[in-house]
Structure formats: C-alpha cells, structure tokens
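Just below sit the structures, each encoded as structure tokens.
Each of the next two complexes has subunit A plus one more chain, namely subunit B in the first and subunit C in the second.
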Partner chain A sequence: MYEFNLAGLLPYIDPLPRAILLTLWLSLLAIVMSVAVGVFGALCRTSTNLIPRFLGAAYVEVLRNIPLLVVIYLIFFGLAQVGLRVDGFNSALIALTLNAGAYMTEIFRGGLLAIPNGQYEAARSQGMTGPQLYRYVVFPQVFRIIYAPLGNLIIGIVIGSSLASVIGVEEVTTWMRRAGDETFRYMESFLAVGVIYVVLAQTINIGRIATGNWLLSKAPVGARR
Partner chain B sequence: MNMVRRRVFGALAFGVLSASFAFSPVAEAQQPQGGILSDVLKRGVLRIATIGGNPPYSSLGTDGKPVGYDIDVANMLAEQLKLKAEFIVVDVPGRITALQTRRADVTFANFTANVERSKVIAFTDPYVVVGSIYMVKKDSPIQSVEQLNDPKYKIGFARGGTAEGISATTAPRAQKVRFDTVGDAYLAMQSGQVDSHLQDSLQNASYVAKDGDKYRNLAGNWSYEEISIGLPAGDFDWWRVLNIFVKNFNASGDNARLFKKHFGYDLPPIQQKY
Partner chain C sequence: MSTEPASPVLRIEGLVKRYGAHVVIDGVDLDVVPGQVVVIVGPSGTGKSTLLRCVNGLEDIQGGRITFEDQPVLARSRTVHAIRRRIGMIFQSFNLYPHLTALENVMLAPVKVLGESAKEVEERARGLFRKVRLEHRAHAFPSQLSGGEQQRVAIARALAMNPHLLMFDEPTSALDPETVGDVLTVMEELALEGRTMLVVTHEIGFARHVGDRMIFMDGGKIVEDSPPEEMIANPRNLRTQQFLGSILHH
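And now, the complex of A and B:
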C-alpha cells in the first residue's frame, strides 16, 4: 500500500527555501550571540573577583541543566503570561543563545585555563597592557584550543533550532511537519529534512573552519602550529 | 584533504543509516494483512491512539494517564470486545501515522472523517458532529472573522488538524501560528501570543463555560465535521465491528450519557438534515 515517493512533496516545495533561510538565520544569530555570551561568561568564571565568578558558575549550571525545550516554553509562554510578549522567532533565538551560551562559557573557560599563569606574568613583565596581553598572547592560543569543541556546539545549535517549531516558527522542521501532515508522506518529509539539516550544519561548520584558518593565519607566528 | 575525505565518508554513513531506517517500515507495510480483528483478539489488547492536551475529549490526567470523553468511549469499546485497553498518546498528525504504521488498532481523538484522510486510513460512522469557531480575548479589538483576515493578526491552532484548511479558506490573509497541541494554541491566545484561537465548536462551548468572562467567540461556525473512530485502511471485518459499536453506542444512550458527563450539556444531534 505504501510506496516511497519523494515527488509527493513537490506541491510544498515553494515555501521550503524561505524555511531553510530562516533556520540558517536563526542558527547564525544564535551562534554569534552565544559566542559573545560565552566569552563574557568565561571571563567572569576565571575572574579573580568572587562575585562574577559565582554569577558565571550559577548561569552555566542553571542553563546547562534545563532542557532547551523548557527554556523556549518559559520565554514564549511564561514571559507572555506575566506581560512580556516575545514573538516566536525571538523567543527561540533567546533560548538558543542562553542554552548554547552556557556551553560556550565552559568551552572558552577551558581554553583560558589552558594558558599557564607564567605567560600572563611574562607578558606583563614585557610591559604589555591588559588588552594587548589578551590580543597577542592569550586569545590566539585559546582560539586554537577551542576550535574543535566549538564545531560540535555549532552543529548542536543548528540542530537545536528545530525546537523553534513547537512555538510556530516557520523554519525547516515546521515545514517538514506541515508537508508531512498534508501529504501523509512523513517518511519522505522527515528524510528530506534530515538531509537538509546535514547540509546546513556542514555548511556552517565549513564556514567555521574557513574563519578559523583565516584567523590563525593572522595570529602571531609563535601561536601557529 | 584527509579531513574532507573523512567528512564525506561521515555524510555517506549517515545517508546509508537513515536509508535503512527509512525502508524498514516500508517492508512492514507491504506484509500481507493478517486481519486486525483476529490480531487483537489473539493479543487480548486493544491499542488505542489518542492525543493529549485536548480537553474534554482527551488530555493527560495528573497521573499521566489519558482521561476524557474519547477515552471513556474507547474503554467502552475495549470492554465490549473483552480486551485490555492500551492507550498510545500521539500528536495531532500522529493520529493518522499511528494507524498507517499499524502501531494502533484504532484512533479515538476528536478525529474528523474527511475524504483527504480517507485516502490513507478508514473511518466509522460519526459519534459526534462538530464545527469550528474563532475565539478571541474579551477585550480584543477584533469583532468579526472578516476583520481578523488581516496580515497584522495571528491565528493559532494545532498543526495537522482540520484547522489548517479552515483558516486558509476563512482568513487567508492572517498569519498562521501552528502548535503541537490544542492546549498550546489555547495557551498562546491566553498569553496574547496569538490574537485568535481556531477551535472545535464543542470544545469551545466548554471553554466558554469555564472562561466565558475572559474570552468571546467571533460570529460564525466554519465547518461541519463528523468525529469518528479511525482505523487502518483495507480491513472490512475490523470496520464492520467498529461501526456496529458506534451505531449501538449512539442508539443506546451511552453516548448521550458520556457526552453530558464530560461536556456538561446535552449531546447535539448526530444526524444532520441536508
């Protein structure tokens, strides 16, 4: 009775490019914003001052232990109930950023901790200012260390963006469910979207590698390997 | 280069894996049909697909088990067949998939019989007839469906249901926001994330009874839908048994009694005058 037929999805092909762009846009924004959150969080967590260290740790432990879906619901429905209405796209973006930002914090912190204290002291003794120290000594090395784990997390963000479908954001998963619901061709729509996510995640990942290579080529000679 | 090769290999491995997942259910669906009636009698268990978050038809109780009108009807069927009822909670489109994949023997879930769905599954005669109504907040500026048909307004509903088509014909210009359950769509209207919730008319009556001071309906009933038991296509004996159950259930007064218990008012006529 059932025959595999990808052509059954053809009537739903028109809205697909838009859905793909929305997934891409949501993922890219979340990646950029969570990197910013991660750098800031890691600087807090490695601070010598107790208060930012505590706040950073609290943020990571709380957000890392709440499922992304729950964070999405909290922002979209929860905040709306107390009067702060954030639309579907922005709710998903904030939730993804908060969630991924916690993981980013840990990745960047790991990178920062890998730099021996002696290097800070050596840089200071050479008369480097704080920004110079980070720009020329710390970050180029940190970047090389976090480069690989960053890739995993970035793919995680692209995949996680599919949860935006539960609050009606018209991204790829929403398209998949609608095409499946209306054609009753679930296997085809699930499979098509599986392939789309692989391509999207890998496209962004290749972007990461290219950016990484470019940044490393800019790094001081000693930091290259 | 090596990295690229490994990446390509990884993608291929994923493809093969997903393809093998993809084709195993196909093989299952092509097996000769053993007859659901004899299967369930042998098994001693009736597998019933239903949805959560759709009171008073079906929702999950505090203990996580499904409760509601549809659940009581399904239990009555299991009882008459002397079978143990086993509920499988699915989402709105899952009502169809559960039957297509033979994970369930029947679907009891505020399930509208229509021609489109009948291409892939089968339905019995109806046990309830419902319509569709747009609900808005009491203080909403929207007074009519005509006014709601505007790109600046959002209509919320559960995906995979008949609301998709009804909203497309009655308010094509408004934005559509699709949720996983009816409960989520209702919550979205309550919290102001959508301007209107397109819902089942009988469910609407129970919402009005409960929250009538906070919400109101826009004039008009936008569909005629026969709520029926869903079953896999192509099994005449199974359909015959279920249809006799529905006829007796309607005629005996059991339906009227269960309906009143869950909805709080009398069962509207099932026979329609054309």
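And now, the complex of A and C:
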C-alpha cells in the first residue's frame, strides 16, 4: 500500500541546494541575456532601415515557432555533430536566451511603439543625442509599460530552465528524476520540486517588482521629493 | 534713427520641403533678428508647423538653406544637436515627459545634455516656475496638471536651456479656452523681456498686441509679411483678406 513519506527523500537532500542554485543561476543569466537580446531586437524591429527590421522579424518568427526543447537539442546535439561542442549548461543558457529573447523582443517592441512621436521630438528639440534620448526619455517610459508582461516571461524562463534536465544539467528537475527513480518516491519528489519552482519563480518575480519600484522611484536629476 | 540693422539670428533662404512629390514649403525666405517676435498665421496644412520643424532640424529639407547664428542647420548632422540646444521648442501637445515631475522635466536637459550642476539648475528652474506662476506645482506629474499648466511647464522647460530663439507651434490650440489666457500672458511677458520668438498661432489678438511682424503663409509660401496692425487692418492679398475675415468675424 502506498504511503506518502517526504522523509524518504532525505538521503538525496545533499545535492539539492546545489541543484537549486544551478536552476537559479541558469534562469538569472537567461533573463539578463534575453533582456539584452530583446532591447536590441526591438530596436532592430522598429528601425527605419529595412534590413535590421527584416532580420529582427525573421529572428522572432523563427525562434517563437520552434519548441524550446528542439532548440536545446539543436545546440547541444546538432552543433556537436558539426564539430562545435557546447556543454550542457551553456547549451541550455543559449537556447533559453534565444527563445526568451524572441518574446522579449516583442514585449520591448510593444513598449517602444507605445511611446508617442512627440516624446522623441521633444527630446531631440532639447538637443539630446540618440543615446541620451533613449536613456532618459524613451526607455524609462518603455520600462513602465513592459513591467507587467515582463513578469510572465521571466517566470516562463525559470520554468523553461527545467528542460535543461534533458541534456544532463544537474539542476532541480534532474535532481527530481534521480531521487524519484532511485527511491520510487515519485509523488514526493515531483511535489517537492513543484514547490521549489513556485518559490524560485516567485523569488525572482519579487526581485523584479523590487527592482522596478526602486527604478521608478529614482529621479534622473535628483529633484524628486 | 539710423541704427545698423541687427544681423539675423535666423536666416531662411529659398527653403523647399517636400514629402515625396507633395510640396509642403515652396521657396520661403525669412530673416529673424534678435528680439523680434514673428507671428506666423495661415490656414492649416500650409507648412507653418513644418517650417518651425525645419528650423531645428526635426525635418530634413529638399532645397534652400537655413542658417542659425551663422551655422547651417542640417538634419541628421552632428552639428544639429548643438544648434537645437540654443532653440527652445514649444509644441501644440506639450510633449512633457510623463514619467518625470514638472521640475524634473525642466531640469533634465540642462543637467544631462548641457552637463550643468543639478543644484544650480534647480535654482534656475525654481525661478522659471515662479515666472510661469507654477511654483506650487513643481512636484506634480504632467498627468496631474491641466493643459494650460502643462504648456507653461513646457515653456519653462524650453527656457531652462537659455535658448537664443523660442519657437511656439500652435501653443494654445489644444487648450481649454479659459487656460489659453495664462499661456498667452506668459508668452507676452517673454516678448517684453526682448526674447526672439517665432510663433505659429491662430490667436490674432496675440499677434496684434505682441507681434513685431506678422507673416501670412498659404500653399507653402509667404504671401504677406507686415506689421500686425497693418496686416489686420489692411490685408493686401486676397487670400489674407479671406483668411483674416474668416477668423475675425464669427
């Protein structure tokens, strides 16, 4: 007769903190890198020049329409076959970044399109250069617009990082499979990991909210009371 | 009096602006000397706003030449930023930065573009808020301000750069009638200070009382250029007569 017993996983507790840290690290790196890809991709997609606009659109449409799992396989196994070996962690990181970067591009593009032309004209009329205009006028406003959709996506990145388990990255899902296989306590290990993902995703999400509040409260010229 | 005519701060020669085949400005010549208040009137779609936008390089031009303080204005050139810093632009729709308070709106460019110290700029900004009678609203965000208040903040924002020329693009057209007066009063005071101003407006009363020169534009051309009193009392051109007739008698 089956009996729920979390303590049955105790012999496997030692590698768990390391696995959690690896999931966290992989997710954070993928978030930061995909934000960078998204900003760049959105600037391409909103460019007045046809070539970056086309390349940006092509990137988004291709990456958005390939399952993350397939991208991971492509980088880990596909590239290895043509002689370019990328280790598991970096394969997962690149795949997550490329995949999430496509969604980031769309989120940032939506934010950029929401900024009225008058904002660019006001900033240019004050003699701002391109970088100044984006730094002080456009991006702070884009950030306010994309702040909420960004939350969905970064949670998606944390959850998506579990696919790194298929190429042997020793993260939380890999730990779950091993603990489950060896103890037959599948229910316990799956539930434990489910809770761990909720906590990890929410921790990162709370980090997003805190960072956002801090950024929003900051005055660019030191005059806010 | 035989004073030498002051050399123009702004010189426009044979300006042509086209969008594709559509000619918006069709050979405009205009000199503005320091301290002059030039009011541009005319029906919509005749290139008045486009003219202002060409002067600070927001639009590229297809013919002619614009010279501001002896420097050519070339959109998308490296020199255009430096020229824009000396030209204040006030827009019909204010275009304040919505994520910044009124005071931050005024301080941003002097601090970040001109590199002045925040403390000095804040002092100057406080003075400008008194000038536009909004010292009590300095910490409000644009969304908390009425249209007239936003436009006065926009004027303070332009003044904070110590511009040598102020351009107003229909500054009162988007305002409730009761707040138009507040903005026009501020503009009149600026004119009395001896500021050089280029004003596109439909406020004929303002043109009459404040303008040194009135320009009537139609079809991308300057049709008439004379002192406001004279143009309003005795428009020479038929189009000017029709236009002034239509906006004065109703």
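FYI, the second predicted complex is superposed on the first by the 218 of 225 C-alpha atoms of A that agree within 3 Å, B and C clash if a C-alpha of one lies under 4 Å from a C-alpha of the other, contacts with A are read in each partner's own complex, and residues count from 1 in each chain.
To be clear about the criterion, contacts are C-beta pairs under 8 Å (C-beta built on N, C-alpha and C of every residue); 3 or more make two chains touch, one makes a residue touch a chain.
What you see is a predicted model, and the numbers here were worked out from it, not measured in a lab.
Enquirer: Applying the document's definition of touch, where does A:V198 land relative to subunit B and subunit C: first, second, both, or neither?
Expert: Touch status of A:V198: first partner only.
Enquirer: After the superposition on A, what does A:M187 contact: first (subunit B), second (subunit C), both or neither?
Expert: It touches subunit B, and subunit C stays clear.
Enquirer: By the touch definition at the top of the document, which applies to A:A95: first (subunit B), second (subunit C), both, or neither?
Expert: Neither: A:A95 stays clear of subunit B and subunit C.
Enquirer: Thinking of the overlay built on chain A, is A:M176 touched by subunit B (first), by subunit C (second), by both, or by neither?
Expert: neither
Enquirer: When the two structures are overlaid on chain A, which partner does A:I75 contact: first (subunit B), second (subunit C), both, or neither?
Expert: Neither subunit B nor subunit C is touched by A:I75.
Enquirer: In the superposed arrangement, which partner chain does A:V39 touch: subunit B (first), subunit C (second), both, or neither?
Expert: After superposing on A, A:V39 lies clear of both subunit B and subunit C.
Enquirer: Taking the superposition on A as described, I'd like to know which of subunit B and subunit C A:R144 touches: first, second, both or neither.
Expert: second
Enquirer: If you stack the two complexes on chain A, which partner ends up touching A:V158: first (subunit B), second (subunit C), both, or neither?
Expert: Neither subunit B nor subunit C is touched by A:V158.
Enquirer: Across the complex, what residues on subunit B touch subunit A?
Expert: Residues 7, 11, 14-15, 18, 22-23, 25-26, 29-30, 92-93, 96-97, 100, 117, 119-120, 156, 159-160, 164, 176-180, 184, 187-188, 190-193, 233-234 of subunit B touch subunit A in their complex.
Enquirer: For a test of understanding, state which residues of subunit A touch subunit C in their complex under the given definition.
Expert: 116, 118-119, 121-129, 132, 136-137, 140-141, 144, 219-225
Enquirer: Considering the complex alone, what residue numbers of subunit C touch subunit A?
Expert: Going by the criterion above, the answer is residues 53, 56, 58, 81-85, 87-89, 91, 93, 95-101, 103-104, 107-109, 111-113, 118, 121-122, 125, 139, 157, 161.
Enquirer: Residues of subunit A touching subunit B in their complex?
Expert: Residues in contact with subunit B: 1-4, 76-77, 80-81, 85, 87-88, 166-168, 174, 177-178, 180-182, 184, 186-187, 191, 194-195, 198, 202.
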